[in-house]
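Following are the structures in question.
You will see two complexes here that share subunit A, one where it goes with subunit B and one where it goes with subunit C.
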Partner chain A sequence: MVSWSGRRKALTILAFIGPTLLGILALNIYPIIYNVYISFTNRNQYHPNPDCTVFLTSVIEPGCWPMFRSNAGMGQPYVIQEPLFANYDSLIGKLFTGEGVLALVKLALLFAPLIIAGQVNKRLDRQLTRPVSSFWVWIGGLAITVLLAWILNVGGAMKTLEASSDFFIVVFRTLLFVVITVPLNYIFGLILALVLNGDYIKGRTFFRAIMIIPWAASTMFIIMSLIWQFFFREQGTINQILRAFGGEGLAWLANGNYALAAIILVNLWFSFPFCFNIILGALQSIPADQYEAADVDGATYWQQLVNITLPLLRPSVMPAIVLSAIGGGGFQMFGTVWAMTGGGPSQGAGVPGATELVMVYAYKQVFQYNAYAKAGAFAVIIFIFLFIATLYSMRISRITQGAYE
Partner chain B sequence: MKKFWSMLSVLLIAAMLLVSCTPKATATPVATEETAKPVTITIWHQWDGAYLTAIQAVFDAYTAAHPNVTIDLTKPDNVSDALKVAIPAGEGPDIIGWANDQIGSQALVGNIVDLGTLGVDQAFLESTYEPAAVAGVVWQGKIWALPESQEGIAIVYNKALASETDFPADPTDFADLLAKAEAFAAANSGKYLICNQGLGNADAYHVAPVYFGHGMPTYIDDAGNSYLNSAEAQAAAEWIVKFHEVAPAETSHEICKTMLVEGNAAAWWTGPWAIADLEAAGIDYGILPMGSPFVGIKSLMISRNAVDRGTAEVALDVIKFFTNAENSKTIALANKTIPANTAALLDADVQAMATVAGFGAALNLGVPMANTPFAGAQWGPVGDMTNAIWTGAQTPADALAAAQAAAEEAIAGMK
Partner chain C sequence: MSRKPRPLVLVLQYIFLGLMTLFALYPIWFVILASGRVGSRLYTLNLLGMFIPTEWTFENYQVMLSGQPYPFLTWMRNSLFVAGFTTIACLLIATSAAFAFSRFRFYGREFGLILLLAIQAFPGVLSLVPVAQLLTAFKLYASHWGLILAYTIGNLVFTTWLMKGYFDTIPIEIEEAAMIDGCGPIQSFLLVGLPMAKPALAVTALLAFMGGWGEYVFASVLIPAPDVRRTLMVGMYSLANTQSIPWGYFAAGAVMTIIPVILIYTYFQKYLVGGLTLGGVKG
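Up next, the complex of A and B:
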């Protein structure tokens, strides 16, 4: 055999990992670099083509590479923005003026009572007998939050923030969507899983199979979303049923709040089977002797649920919750919304529509307004945001590993 | 034995490598045999439903006369998005059938080519097509398309449900239209006089007759001036608020068509493209002008890819054939459209059609649709503004001010 000299070894290793490395560079790293570069230019419909005499452009822009080189149209080429961060400034600049920061601080302060309530509960849990139940601590925290919101005039602060940037409106609305939709999906899934995990239900297998149907249908979610859209139309199924009972429905999707509610409802229909399945699987892995011991101790169903079932579900369900909050059913929701409302109903020109979530906004910026540079800057900010959220979620899921120990 | 197999496999691999290295039979095109070479012409179009049948027949006639040419008709859902991806990849169509307002922005990106470079000159255009159509396809002194037909929208009503007296005699009298819509709704519970897909749906094109009919000169003119926050726009917006009470809340092309066919609406504010479908459904219709619509020119452009592939000459021949007097007349008679070809329009049979009289009157009141890139800045703001007024999300004054600001911002980004 040939001996492994240092250089030879290194070359061999490189030859083996080379293809993968190239793949990662070409498919992961290059698009990110390209996007970041575009986000510093003024590229839009009227400055659509590259100026290949600029060195950086000629290297990064595929349109300048010899094999793709093509004749330019009548438009002006795009250039680097002056100042460099102009796109970022127009997206989030106003959030960092004195007024914007003040409003953001007010908003952040609202969370303080809830965090304190959590800490107080943790401390009280360590004592042998609690002076107050955790429920009342949370209620107290919530009450102080509401009081604080009133004192600080958070409504006014929200108005300032909404007026200052589309970015805030879109991200806040998306967070609101996630905060409502994810717990709703899991609570619904949990209830169904608890019911169908009971030994007394006849035809359990049949019902469990039925529950999978929406999930199976979500592979053709565009069609299903369009069917749901038809349900909510002015002349749609829901209103026809209402009319049969003498009621008078409205054009649900033409009203901003109802449209958002409709999307949450449809997303629930698509997503609960997934939650249901995860929870059902986790329920079946809980050892039966725990419940037998609890029965012997005289624990009620409710006590068993709160003290045995939920804590033992946590390690398997928590990562799934976090992933669905960040993923396509949560923060990155696109398909269902696009098919049902297209981001509408309109709230006026120049303002995001009532159901324009983060991904819908980005899509519209690129494909309807051709604002490539602005959409690039938006994507960079969202990327940073999601990157932090993902890191945090990894921490959460590691913490939960301790539950069985 | 083992050695034999390994030898064999090495030889096989070597043989394969050698085969793949052999230079391909040189495919230099022979210029003299250009016409005999098989050519596939891809056309991306917007022709819909029954409308397509007559058009298909014309292309079939072309391929019958030129057996080496195959014509592939495709209707992408969103031409603008599809072109963005397909043209740089070299997989775009040879011919794009589109309205003339797209010319400016497509020429800016370089998706379409100047037909002057393929030998089309102004004299040919002026001698063949109507002056309005010629003006619609020329931008910055260059010819970007050949015109197919002229179109604008008018009130198409079902004679079984309404008569001419149910609509204003004066096409600029919107107060009368509102009064008549109220009277019709009162007399026919749950039914509407008119379905307009620009009201109840973000669609600046179909709502244009309302704004322009109230005296607005256009949305955004060739110099980039925006008229969205004018007094005329304010009057139109207030009319829209009142009209909401007697019109379907949610609309689209399909909803309006269904309402007219099923008798839930007496009229549909639409253009020549809808006529073929209505005839197929057996509706006895009449056409009346109302307001002043956008006058658009349906046109055929040649893409950059056709030039790269060397099919541009054939593509040009196809669109010249398609828009010549004889074929324009055939299509106009079948689809009840208004041809852009002068000889076809002046033909006695074409002149005798009810649609030419009805839509022609609307076109005479209309506002020409600009083909400058500024035209791209009008659709989003006007659609959103009208929708916000329609649903009550914004007051007319707020909506108009916001739309004016949005349009001005978009125009500033172009300069």
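Up next, the complex of A and C:
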């Protein structure tokens, strides 16, 4: 740009980004620091109040700042935990004792065949003619995984882990949810986009317009989730249809597995239009001559799909997939679960409910049990995890390309 | 891939399309049906009533609009107020920041951009307590302005990245020409950069508005009762969590909340898809 002097430049830039910076500092950075600090204290329903004589507390608590000094409420002030990492300890529980580690190792071993299958595929890809197709390599990897799960008694290992730590169950369940829901959304989006991309389909514009409706409704997820919840009630639509055909209704949301499946289905409803639109946009940017050349070479539809369409979709769709996985429709899913089941059905006192995903668990810890310190420790661990995932996703998608140009 | 497939495949494709259309439309259709039904039940005993309107009344709408016993219109006004000011604040703040990040080269620029993304990894639900305490200290707790502040800053990261992505696609030469003609950086932003970013501004405004309109968690915590101060989502949620749920009223309220949004989205469809793929999402 045109050169201007240093000081004036600094002031102009500050004027442009100053408000953003200030806002981010106050309402994003400050809560993070606050949570880190609180996670080392014993703040809970019995010790809810700040003790302003402690230096760190007086710095971090707005109620202690001189201009806002408010009367401290009743109840005990919270103090820093002794030992320091007590909250983290209680959260992780017996995960890192001998039994827990053994179970974790067993679980980790399950991924070995899949990783090996991926590597084998990469190596085979470098050869001119593949002896086996990648599909069969993956099937083989999966078969070995299942065999391994049976040999190692992974079911037993899971039970050990579930008994040893809340944290593990919640995170594991959330990861399971993400692994099912995100691919499902994108597979439906992909099929729909492939079908609607063909110009032989009549009424394409109509169908495309229809598919935006759940997307629009997803901005008001609370209301739509409540409607969906009604479908799954004991006196709800689904059971009514079942009864009309002589079937017997079920209390869908009272069963943990069905409840999770219901949430995945509702999340599909909310998310597939977005996936569809992203993929359709990417499909339309693939040049047609690629397919013409493949047609000349006599490639079938499936060969074209696997060798042209999918690889060319990857760069533009992959970032969206990763962002969905770590965003509000994946790992940070809250609203739909909250409106549908509230984290239930309950699985006994003091144990997370069957659909209690990470964010629901954190919300309940804070707003139902007032376990601020525990939730703080939980937040810090989740933050570290999501932080790494975000950095990794940026590497994948090269979102930061612009930043490094 | 415009080769016409075999008839059987074509039929399968139409069946799939039909099923997906049903899947996409049915929940909305169901709410519309339920909103016109007498009584407090969402379901009717005859199965046909689940799919076609067998009876119709505007009573539920009348009750919801009359403000008794539920101040529906007040909720709606609150939501409009919060979402509207969130949109304005977001556009003002995020657009200028995005312009600076896109156009100026300064120390800490890359760091700032990455920081923006990375701190977004901190889950919003968990920052509620400190945010609420901070707002309490500034006497903004239980006030719509506090909620607007929280929403605006919650939306900043996304909107800044979206706008920056768009500014990056606008050739800088036009602004340089303007600067040679004597524009300062602020003038070139206001007179040249902004007018060219109109499509992205529209998408950003729409998304910021919808974010404020549909958000639930922050609104439920930062605006505790009374009823008349609540936003639409919190109000509707409280409606569905009473002892005997007035489903008819709920459905009527839901229709009045959702249909305008669907119309707006349909109208902006082209921009939405284009804007999202231009901005933060695309590599």
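Going forward, the second predicted complex is superposed on the first by the 372 of 405 C-alpha atoms of A that agree within 3 Å, B and C clash if a C-alpha of one lies under 4 Å from a C-alpha of the other, contacts with A are read in each partner's own complex, and residues count from 1 in each chain.
Following the convention adopted for this analysis, a residue touches a chain if its C-beta (ideal position, glycine included) is under 8 Å from a C-beta of that chain, and two chains touch if they have at least 3 such contacts.
All figures in this text were calculated on a predicted structure; none of them were measured in a lab.
In the superposition on chain A, A:255 makes contact with subunit B only, not with subunit C. Using the contact criterion defined above for the overlaid structures, shared-chain residue A:48 touches subunit B, although it does not reach subunit C.
Touch criterion met: A:234 reaches subunit B, while subunit C stays clear of it.
Of the two partner chains, both subunit B and subunit C are touched by A:63. After overlaying the two complexes on the shared chain, residue contacts for A:367 are found with subunit B and with subunit C alike.
By the touch criterion defined above, A:210 reaches subunit C but does not reach subunit B. Look at A:166: by the touch rule set out above, it reaches neither subunit B nor subunit C.
Of the two partners subunit B and subunit C, more subunit A residues are in touch with C. Shared-chain residue A:301: touches subunit C; no touch with subunit B. In the superposed model, A:347 lies in contact with subunit B only, and not with subunit C. In the superposition on chain A, the residues of subunit A touched by subunit B in one structure and by subunit C in the other are 63, 68, 70, 235, 367. By the touch criterion given at the top, residues 1-2, 4, 9-10, 12-13, 15-17, 19-21, 23-24, 26-32, 34-35, 38, 61-63, 65, 68, 70, 188, 191-192, 194-201, 207-217, 219-224, 226-228, 230-231, 235-237, 240-241, 244, 269, 272-273, 277-278, 280-282, 288, 291, 295, 301, 304, 309, 315-316, 318-320, 323, 326, 332, 334-335, 338-339, 358-359, 362-363, 366-367, 372, 375-376, 378-379, 382-383, 386-387, 389-391, 394, 397-404 of subunit A touch subunit C in their complex.
Taken in their complex, subunit A has these residues touching subunit B: 42, 44-46, 48-49, 63, 68, 70-75, 233-235, 250-251, 253-256, 344-351, 353-354, 367-369, 371.
Per the touch definition, subunit C reaches subunit A in the complex via residues 1-5, 10, 13-14, 16-17, 20-21, 23-25, 27-28, 30-31, 42-43, 47, 50, 92-94, 96-97, 99-106, 109-110, 112-123, 125-131, 133-134, 136-138, 149-150, 152-154, 156-157, 160-161, 164-165, 168, 172, 175-176, 179-180, 185-186, 189, 210-211, 213-214, 216-217, 221, 233, 236-237, 240, 247, 250-251, 254, 257-258, 261-262, 264-266, 269, 272-274, 276-277, 280-283. Across the interface of their complex, subunit A is touched by residues 78, 80-81, 84, 88, 105-111, 140, 200, 202, 248-250, 255, 304, 308, 373, 376, 380-385, 387-388, 390-391, 393-394, 398-399, 402-403, 405-407, 409-410, 413-415 of subunit B.
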